[in-house]
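In what comes next, subunit A is part of two complexes: it sits with subunit B in the first one and with subunit C in the second one.
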Partner chain A sequence: MSDWPARFEEELVRLGLQPARARRLSAETAEQAGEHGTDPDRLFGPAHLYARHLVTELRAPALVSERHVSGPVMLRLAGVGKRYRRRTVFSGVDLTVRGGEVAAIVGANGCGKSTLLRVCAGLIRPDAGTVHRTRRVGFVPQDGGTASWLTADEHFTLFGAAAGMVPRKARSTGTHLAARLAWRPAPGQPVQQLSGGTRQKLNLVLGELHGPDLLLLDEPYQGFDQGSYLDFWQQVRAWREAGRAVVVVTHLLHELQNVDHVLDLGAAGGNR
Partner chain B sequence: MTALVVAGLSAREMSRRWTALLLLISLPLWFYLVRRDLTGQSIRMLALGIGWAVSTLTLFVVNASRGVDPRLRLSGASVTSIIGGRLIAMTGAGAMLALGYWALAGFDQDLPHPWAAGLMMLVTAVVAAPFGSLVGALLPRELEGALALLSVCAVQMLADPAGLVAKFMPFWSTREIGTYAVDGGSTDMVWRGLAHAAVVWLFCAGLTLAVFARRLRVARYPEP
Partner chain C sequence: MTPRPWLHGFLDLCLLAMLRDQPDYGYGLAHRLAVAGVADVPGGTLYPALLRLEQQGLAEPSWAPSDTGPRRKYYAITPAGLDLLAAQADEWRRFRDGVDSLVGSPEVAR
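Our next item is the complex of A and B:
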């Protein structure tokens, strides 16, 4: 007997549902799978992802009427600065992002947007200021970040192993997340044979694979076609509604209406 | 667990670069064939060719992973599992290469101590993996790394094995064990070779780990 219902119920409770309601939803979901004569795992995908999807759906109406209900602080920057030798990349950066919020980092080329995102990730240390950040973080670089000779499935296995997931769960989670970006990884196809946009979809999936509370995205839509671009922002909204915090580096100002905070790093090489 | 996954996928990744792989696998063969008429020369050149091939392959694999490693760290992997996994894969590949060439040399040459010839090739492959890792850690581009490996192997080939310069080279153990395998003599040479190989392995693996521990460190920020 699969332990899918138990894991599903546990995840619902973890996401803030009352235990009784979580139990009822778990039982109903198991019944639904029974009616289809299949395992819940096959019908709904990984338990933890379906739980998040369901919680998002349940909370969506409330969020429409009450947009500014935000969760706990996931990222707080206070007076953060970074220098390379004598050149100040940025200084005095303040930013607070809570769960259920999206922040955009904008600015001219070379003003330090990607550097700031790497500071947030912890890959670069700031020279000034303080950073407080939630432990579970997903980072999606602007390009690279994948191994050219491995397939998408192998990337799911590799990144899943790094996060302590067993290979099977990592692959099923990766495939499920890819489907939400309208992408079905072809078996046996190495990453170097993927288009630039599809490679970025893989990057996004890898950033989200271990279920982070904070997503740091560095212009992740490079190479996306129109449909994929819309899917991406739809996905950002879904993350926000699921209570995650998202920080996205962007230069597309018309998307700023979709975000809660805008951090403008200004002109290249200049201080804020 | 993570180290084994990294090892398995590194091996798979390497196996797909089959043109480079074929060229590198065949490299020791050319070294061997050039002086096939002289047992001692051909066996020593073969072993050095194995060392060069394995270290170059490791260098390529290490450099190809530069973009992935920081993300693996952020996902929760330790530096030891990333570097260790890759080392396991490359050592395994090197050991297989050594085994293949040992079989060839065993059939083709009349060796006084065939087991020592096998040991020489195995030790060379085992040392070559962390040595290639270290060069990859210190030199971030493949061309620079490959040239550095070429220089080291060339010096190793040309330096007088009894001199000080040769002893500071990573594959001195190959020459020492090889002398016993081909010319005979005291088994002290084998032990000296093994001790040298152990020191080089520890130095290269330790320094590689230290370089990557610094390069792949992730700041531990306090929770909000």
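Our next item is the complex of A and C:
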């Protein structure tokens, strides 16, 4: 466990702390463990997870009464429009989402909710307007994105590698995030044997694996049972409190009381 | 022991109050919280909270050697910390009295 401080420091830097500050925090953390006569792994858990926790805590405002301070802008859409051939899907869309805020994209089927989310993610280029987004983005599509013959662990490794994580770290992070959604991946089980809801959980975990500042979610709770559904919204609140920005496509209007912005794309059929 | 969400809300207040009485280091503060019956605070909760107080200028750190292990980081409360503590302590008393009046009323105990 002697490389704990090094891994901790590395993760702090990756999360945006100045290297000198990361080094200082890492040294202090080792000393704190010394106070308790134990090693950092025992006191704080896995290095990268404690690094995330610490960065979150340091961003959070102090004390009870000053809750909910919005952070830096993570996503800004200005005058965004999209056409398919001659049909206008949407136009003139403005949306600003800061760290610690949740935005919901709502509207009837076919009004372009998923298209707009893909524009936010940079997967589709808009025909009009500008999109600015933060560097670290997690995108959770409504379906697909997983390989049916691979196991959950193999997905963690694969997606982790794409984000520059070593396999062991990617797997431990994935397992930890899955547990928050009340899911324990069975070793050796290929994804095609998972239920639709569990596959959706895998998508969620993969979207969050690299600790993104902006999460883009397309109805990520399809196939969830009631308990998992509640876990999901609990998770959204946790992300918000951690200073992350969340954009979620939803058709469930009763959840809108819990969000900061509602973007209604209106009825289908290009009425704009 | 105190439920986690409660502790989260009041940990900063408790830390500032303890530092008002005397400067202390992490392990010492954890010990005092446990002895007071408030909570067994995990290290992963305590140390980030202390760093936050430091970052916001509410507590000032200084290093001191220890006989037994590595050097220790002692925290002392700052004037800003004292101001905030006074305001928060008032808020806490109002809240506590309010909850007491509800929990303690005989109608509830029925």
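To be clear about the criterion, the second predicted complex is superposed on the first by the 206 of 272 C-alpha atoms of A that agree within 3 Å, B and C clash if a C-alpha of one lies under 4 Å from a C-alpha of the other, contacts with A are read in each partner's own complex, and residues count from 1 in each chain.
Methods note: contacts are C-beta pairs under 8 Å (C-beta built on N, C-alpha and C of every residue); 3 or more make two chains touch, one makes a residue touch a chain.
Note that the structure is a prediction, hence the values are computed from the model and not measured.
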Partner touching more residues of subunit A, subunit B vs subunit C, is chain B
Contacts of A:A33 with subunit B and subunit C, given as first, second, both or neither = second
With the two structures laid over each other on chain A, which partner does A:P167 touch: subunit B (first), subunit C (second), both, or neither?
-> first
Pick one for A:L75: touches subunit B only (first), subunit C only (second), both, or neither.
-> first
Using the touch definition from the top, say if A:G45 reaches subunit B (first), subunit C (second), both or neither.
-> second
Check the residue A:V191 against both partner chains and state whether it touches subunit B (first), subunit C (second), both, or neither.
-> neither
Quick one: classify A:V259 as touching subunit B (first), subunit C (second), both or neither.
-> neither
Contacts of A:L95 with subunit B and subunit C, given as first, second, both or neither = neither
First (subunit B), second (subunit C), both or neither: which does A:L217 touch?
-> neither
Dual-contact residues of subunit A (subunit B, subunit C) none
Partner subunit C, residues of subunit A touching it in the complex | 25, 28-37, 43-45, 50, 53-54, 57-58, 60, 62-65
Within the complex, which stretch of subunit A touches subunit B?
-> 72-76, 121-125, 131-135, 137-139, 141, 144-150, 154, 157-159, 161-164, 167, 190, 206-207, 209-210
Interface with subunit A, subunit B side, in the complex: residues 1-2, 5-6, 9, 12-14, 16-17, 64-65, 67-68, 70-77, 218-224
In the complex of these two chains, what residues of subunit C are touching subunit A?
-> 9-10, 12-13, 25-27, 43-44, 47-49, 51-53, 55-56, 58, 69-73, 84, 88, 91
